[in-house]
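Chain lettering (A, B, C, D, E and F) follows the sequence in which the chains are written, and residue indices restart at 1 in each chain.
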Amino acid sequence: MATFGLIEYEQASPEVRAVYDDIMATRQTGWVNNFWKAIAHDPAALRRTWLSVKEIMAPGALDALTKEMVYLAVSASNQCGYCIASHTAAARKAGMNEAMFAELMAVAGMANETNRLASGYQVEIDERFAPE
Amino acid sequence: MATFGLIEYEQASPEVRAVYDDIMATRQTGWVNNFWKAIAHDPAALRRTWLSVKEIMAPGALDALTKEMVYLAVSASNQCGYCIASHTAAARKAGMNEAMFAELMAVAGMANETNRLASGYQVEIDERFAPE
Amino acid sequence: MATFGLIEYEQASPEVRAVYDDIMATRQTGWVNNFWKAIAHDPAALRRTWLSVKEIMAPGALDALTKEMVYLAVSASNQCGYCIASHTAAARKAGMNEAMFAELMAVAGMANETNRLASGYQVEIDERFAPE
Amino acid sequence: MATFGLIEYEQASPEVRAVYDDIMATRQTGWVNNFWKAIAHDPAALRRTWLSVKEIMAPGALDALTKEMVYLAVSASNQCGYCIASHTAAARKAGMNEAMFAELMAVAGMANETNRLASGYQVEIDERFAPE
Amino acid sequence: MATFGLIEYEQASPEVRAVYDDIMATRQTGWVNNFWKAIAHDPAALRRTWLSVKEIMAPGALDALTKEMVYLAVSASNQCGYCIASHTAAARKAGMNEAMFAELMAVAGMANETNRLASGYQVEIDERFAPE
Amino acid sequence: MATFGLIEYEQASPEVRAVYDDIMATRQTGWVNNFWKAIAHDPAALRRTWLSVKEIMAPGALDALTKEMVYLAVSASNQCGYCIASHTAAARKAGMNEAMFAELMAVAGMANETNRLASGYQVEIDERFAPE
């Protein structure tokens, strides 16, 4: 259970319900996951975080599946159990199959390895890579 | 300069040169970036790391551009200066434009925020998200 | 259970008991939490860590509540489950209410987001921000 | 220089200028720091991030100084060079003196140490700490 | 259970079984731990990761026990629950006793503290420490 | 330069000088590195941190070289530029040669990779690994 409990739809204020409704409508689903019910204790944070997620995850220069996979790769890199579980589900819903998941994890794992090798060896940035 | 200096092609052993040659051939380019010249002090690590990167980053279930962007998002999340510079260059070469970069950073940034909210609020994983 | 088990007061050496006694006296409580019982396998580490925590967390230029909240924000940022649980309890005991917790998490979450945006965009430090 | 360069006020679109104006008005200052000029390449990200920062950092249940110090502690914990520099300046402007900075770092440093001890020793959460 | 379930020896393909056999032969043990059974969904990743681990963890300039302890210290620093558990077991099997574990955790914890103090205080690298 | 400047021996208080003297005597060297000169603004932190480092890094169940290498591996994993530079120097002084450094980085890099694979695949801890 979350720190201050979860706020279910039935007990939610109209302000919180409006966000829950928008989450379900945007995702075309009939339920709201625990993350939102936990931060609903702070209605301003709920609204602000949801509107940011909604705007950022909408298809744009990158499609929805790519965005979900990037979210999952970063969450795996940060080792956030909740986020790995929820974004694995979201990415699969968006079309990620088992082969794509495996390659995604391989890239995320490799990046974590070479990030440390580059830092540990104190590698200087090549002039060609310097931002112009 | 890297911890033990960079190993340039001219001074490299045949074993190291063979890896440098494969890096340039695979990337269709005429130079090798500092990362490889730094870890070349350990020829086994050079070979092993390059073969892993080559295998992982080859197009498969995910295309090369998506993989480069995931690599960049994880590197930005880990705040590895060298890796951000080198993989921004690689992703741009693979087709990432400015709008795609901006959306990629937005997703990576948002994931970092919500990862901590989920952990800080001690949110329990929804039963629906549990791996089957 | 901790790696090598927990050392309860009854089985503890006089050296370990002295630290447990000081923890309970300082915190004006009648029990010791698992963290200390786990590292008590290394009495030197137990004493050293406790004396550091005691000195650092005592009110000084910052009051005790602010310190507990900073400890919690860092623990949430690091995603340490045990530490989030124990320091949420400590901060609440020191006076943190639900609204303060929510704002604390919002700041910690936002910092995690903008930290990665600053790194990912390779933003140079403004001259005005350079330490004098 | 940032990845795609910095967008100065003079070259900025009206949409970007409006955010810059609000940053300067809110902070009662006559300049905008590089972070905003870098992400201004993505006007939606600029607006969204600024509005979130503005809302989150406004005094509420926590005062502005406490919020700036928490932001700095998390940035130091994440080792973001740019963010440490900018938020040290912001916290000092909000009233943080040298003694407060030193205690803030001490708490952040200690949290980072005990976070790893708790994880490394695999310490179980005390029942008393479980969220009710 | 892992995201896509665990692949047991009985259901494994000959390619996967060959890796399982090599793991058991190399470790002189009769079982394979869950990590390998989880990534076995991606036989290429299984083979590549195992061959890297096998090569890296073999005694060389550093002995096997030192390598296992470094692996554990990094895993504790990264707060990876699975890896802490599995590498604590591996390090103990390689000869790590309770006193060595305690000192290992003390060093890892201290490094995490001073890493943040160095970053937070924006300490410049001494000229004497610069790589030649 | 550090946030509030470095405190050189000549300008230091007797309390700070006593710590500097102990650092130089313990390390059998004639100078003090910037880290200590930076945190000397907080004499209590200077004393406390130095005494902890001195106690933790002294040979015990683990020898001095192993401890320095673990410190370096964790610092590389955390990507702390200052700490990587200073502890590379310290480890070399304690006897680490180039081959040992390379294997150390290989282990640290591999741990960072598999830590994320274990988390991303949501691998459950094997019963055999559970702390007894």
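Miscellaneous remarks
In the analysis below, a residue touches a chain if its C-beta (ideal position, glycine included) is under 8 Å from a C-beta of that chain, and two chains touch if they have at least 3 such contacts.
Bear in mind that the values here come from a model prediction, so they are computed numbers and not experimental data.
Looking at the partners of chain A and chain E together, the chains they share are B, C, D, F.
Contact with chain A and chain B alike is made by C, D, E, F.
Each of B-F and B-C has its own count of C-beta contacts, and the greater count is at B-C.
Among the other chains, B has the CA centre that is most remote from the centre of chain C. Distance from the centre of chain F peaks at A, each centre being the average of the chain's Cα atoms.
To find the repeat of A-E among A-B, A-C or D-E, check which pair has over half of the same contact pairs by residue number; it is A-C.
Note on chain placement: the centre of chain B and the centre of chain D lie 27 Å apart, centres being C-alpha means.
Mean C-alpha position of chain A lies 34 Å from that of chain F. Note on chain placement: the centre of chain C and the centre of chain F lie 20 Å apart, centres being C-alpha means. For chain D, the set of residues touching two or more other chains reads 1-4, 39, 45, 49, 52, 56, 73, 77-81, 85, 88, 99, 102-103, 105-106, 108-110, 112-117, 119-122, 131. Taken together, the chain D residues at the contact with chain F in this complex read 79, 88, 98-99, 101-103, 105-106, 109, 122.
The touching residues of chain B, when paired with chain F in their complex, are 3-4, 39, 41-42, 45, 49, 78-80, 131.
Residues of chain A that touch chain B in their complex: 1-4, 31, 33-35, 38-39, 45, 49, 52-53, 56-57, 60-62, 66-67, 69-71, 73-75, 77-78, 80-83, 85-89, 97, 99-100, 102-104, 106-108, 110-126, 128-131. Touching chain C in their complex are the following residues of chain F: 1-5, 44, 48, 52, 55-56, 131-132.
Across the complex, chain A meets chain F through its residues 72-73, 76-77, 79, 81, 84-85, 88, 105, 108-110, 112-117, 119-122.
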